[in-house]
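Each of the next two complexes has chain A plus one more chain, namely chain B in the first and chain C in the second.
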Partner chain A sequence: MFYTQPLAKLIDEFQKFPGVGPKSAQRMAFFVLNLPYNEVTSLARSIVECKEKVKPCQNCFYLSALNPCEICANLRREVKSLCVVADSKDVIALEKTREFRGLYHVLNGLISPLANIGPENLKIHELINRVSNGSVEEIILAINPTIEGDTTVLYLNKLLKHLNLKITRIAFGLPVGSDLELADDITLVRALEGRREVV
Partner chain B sequence: MFYTQPLAKLIDEFQKFPGVGPKSAQRMAFFVLNLPYNEVTSLARSIVECKEKVKPCQNCFYLSALNPCEICANLRREVKSLCVVADSKDVIALEKTREFRGLYHVLNGLISPLANIGPENLKIHELINRVSNGSVEEIILAINPTIEGDTTVLYLNKLLKHLNLKITRIAFGLPVGSDLELADDITLVRALEGRREVV
Partner chain C sequence: MWINNVYLKNFRNYPELDITLTSGANLFIGKNAQGKSNFLESIELLSLGKSSRQVSDLDLISHNQNSMQAETNFQNDYNLENLKICYEKHSNNKVNKSYFINGKAYKTRKPVLGRLLTVSFKSQDLQLSQNAPKYRRDWLDNLACLISKAYLEIYNNYEKIIAQKNSLLRNNFNSNLVSFNDSLDVYNQQIAQHGAKLIKFRLKTLDRINQYAQITLVNISSANDNLIIDYLRKSNNESSKNNLSYLNSVSQDEFANLLYNDMQTTKALEILRKQSLIGPHRDDLEFIINNQPAKGFASQGQHRSLILALKLAELQLLEDKFSQKPVLLLDDVLAELDENRQTELISRIYQSCQTIITTVNISYLPKNLFKEAFVFDVNNGHITKS
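Right after this comes the complex of A and B.
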């Protein structure tokens, strides 16, 4: 083919990345070829080190190099609010807002019969254990408004409601800065359902 | 910050790639975290191996794991046509067309006074040496229509014209499938200049 063998292999590996097509993969591989040797080995080391060192926190399952993770170990976080998310990426999105001061629990996915993911594949048992110790007052479900998300919320609500906790779900509606005219039907329905009194 | 240290470092490294912003870099780093360990080490190995094995061919300076490269070593290529390009990526673009059967010469850049790149920084001396042995009949300059490209073409033409060779440059004009109405002025001027009799 057009590429010399080690280059073809690297382009192939880069193409497996999400959102990277053949053109971007080629560009990335040539970028590597043009880097100084020590930067190339440093990149390779970072990749392996990241995989080796970053593991799910044994408490909240957020991916971290520390165990317990930076958030669980932070004594200034409020233990009374527990935010349940599907994925570590969701924790990062929420942390970027600097709004939430409680702790997290990463489920590691959502219930999806189609993908053969049941409650037993998620960190739900571990969530129940964490909540049972009594320090949590509110569970905030920060879970996507998808079929899988709604299913998981229903399941969690059924499981948790007898525990005498406040269980909330983040609001869905129009994104700030967007246009009502352009919103899809389901978002508008959710926005109407979630309406609040103007004070 | 939001990222645990080894993850932050990897996201940082990925952000140096061309066309990769903070969001893509995060997506790529999480993709690495979710890969099985053996695939992560294989990716890291491919990166280092590619850098270690792929070097400029000592004849044409095309990046290859072989020396001489696959193209120079192919006895079925026509030695009488030599295509001069700025970069190895240009060789790949031309090879993909399966049209050109001659050999290549990679200059490793273009003359650019602004970037402090003069003829002595390019593989021009080596080009003269290759051409001097007499087997080349036509030099095809496949060089971008930019200020740097035009400067390099002028320089090469002055240097090579006494050698009694055919020197050509690839055509510039409307890309196939494009619309005359939308073409920019300079492209149209080039297209007019390059007009050919309809036969």
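Right after this comes the complex of A and C.
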């Protein structure tokens, strides 16, 4: 290639990032070359430090530098409601709302035999252990309305229903502030199924 | 509705093609393996958003090329529309597909469906009533997708669940028996739910086709033949009733229960065979002429009349549904029909339906077809008007 060897290597590494193609990778590599030396070392150090320190929390498997994580350690949060999500990114999305005051449980994926992910590969066993100790009263499943999501919800429901807990799944339907006529059929059907009485 | 022109670039054996068609009959004449069917395939691609052949997306791109483009301008009753589909070869042999409707880009084929209406009749379609069940399911599914886009969604979801369940059965996950059984049961529940929806939809479509096919068959065959397309639900319970009037009376929830119970009893066999054996992906259609299944009893001539009746029914159904006359694509099929059936088919062409016909030899075609027709020569990826 036209690149000198260390540069080619860096471009290759950047290309491994999600959503980054050859051109973006090249732009990023040249950006790094133009940075002052101390900023480059700071960047490299943050990558390594992040990898070393950020680990899944022992309770909820949310990625955090603390163990237990900031959310689990917060005594003001309600232990009686537990929100089950697929991914740490979902926790961040829900936390941004500042609406939910309970605790989380991150599954680390959804059941998908095609991708070789079975229930054993997810933190389902840990979820059962966690709710069996009795302090949890409601489980909220905040899981995407996809085939894999539906499968995982059905599976969890199978395992959890005999524990006499309230199990709910978040509602699906129209995005707030959107227009009925712009919604697609499937979303509208879901929204109709999940309708509520006006109070 | 009629196609004004078709533009192809690096599509199969066409390096570049820009061709203008007439709103009546268009004849494409050429020897074998010159690209006649490829040309019709490109029109079907623009109509369905995917190839009608069972091939990988990669095959549509010419050898040693990285991208392919198919574009058409067509006239419907209201205005001139433009459709464009581009396939781009990506690293690790994946294909990036983009769809354009009147210049606006889309990422899925869903918006393309139902824009350019076509009915294709290929010589291999003549085998439909005798071929493997998959061909009959595909025929019904493709038609149902054209009629309702909601079906496409239901169908895609169902396919995803089946793929997941098959993968579960094949890989047996670390052989943890409890979680394996639980996962399998979860998939069975989902197949029952989504499968019931799928079957209901297929039955509804079949009901409409049946209304049309009966009339068209009588028009073709001089004998007063009676045609019913029946739905055969695969069930492990041999004695279960499976005729159309019974199935139509079953509600969606009841279908879900039937499917679920069937899967429960077939579970052991499914695990053994590592395949999902129950569900609409295993169902079949049966063509019944005068109360006898066509597969065992119909003559070759009756089979041909049957398929022709189906195609004409398809044409009429789409026309009534969309208030537009679809474009008729005839791939090497006129020569296979006798004079009566040719006349019936050609009378449709004169009912202002744009028709694109391919044939090896011009003498196979009835003479009266040539009035006002455009005739093209197809020669190794190049088409010239003669």
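The working rule: the second predicted complex is superposed on the first by the 199 of 199 C-alpha atoms of A that agree within 3 Å, B and C clash if a C-alpha of one lies under 4 Å from a C-alpha of the other, contacts with A are read in each partner's own complex, and residues count from 1 in each chain.
Keep this in mind: a residue touches a chain if its C-beta (ideal position, glycine included) is under 8 Å from a C-beta of that chain, and two chains touch if they have at least 3 such contacts.
Owing to the predicted nature of the structure, the values given are computational and were not obtained by experimental measurement.
> Name the contact category of A:151: first (chain B only), second (chain C only), both, or neither.
It touches chain C, and chain B stays clear.
> Contacts for A:76 in the overlay, against chain B (first) and chain C (second): which applies, first, second, both or neither?
neither
> Give one of first, second, both or neither to describe whether A:196 is in contact with chain B, with chain C, with both, or with none.
neither
> Looking at the overlay, what does A:186 touch: chain B (first), chain C (second), both, or neither?
second
> Counting only touches as set out at the top, which of chain B and chain C does A:162 meet: first, second, both, neither?
Neither partner.
> Give one of first, second, both or neither to describe whether A:19 is in contact with chain B, with chain C, with both, or with none.
first
> Please name the chain, chain B or chain C, that touches the greater number of residues in chain A.
B
> Mind working out whether A:35 is in touch with chain B, chain C, both or neither, as first, second, both or neither?
A:35 sits against chain B, while chain C stays out of touch.
> Between chain B and chain C, whom does A:48 touch in the aligned arrangement: first, second, both, or neither?
first
> For chain A, give the residues common to its interface with chain B and its interface with chain C.
none
> List the residues on chain C that touch chain A in their complex, please.
149-150, 153, 157, 160-161, 163-165, 167-168, 171, 173-174, 176, 179-180, 182-183, 185-187, 189-190
> Sort out for me which residues of chain B touch chain A in the complex.
On the chain B side, the touching residues are 2-7, 9-10, 13, 16-20, 24, 26-33, 35, 37, 40-54, 63-66, 69-70, 88-89, 92, 95-96.
> Touching chain C in the complex: which residues of chain A?
Those residues of chain A that touch chain C are 111-114, 116, 118-120, 147-148, 150-151, 154-155, 158-159, 185-186.
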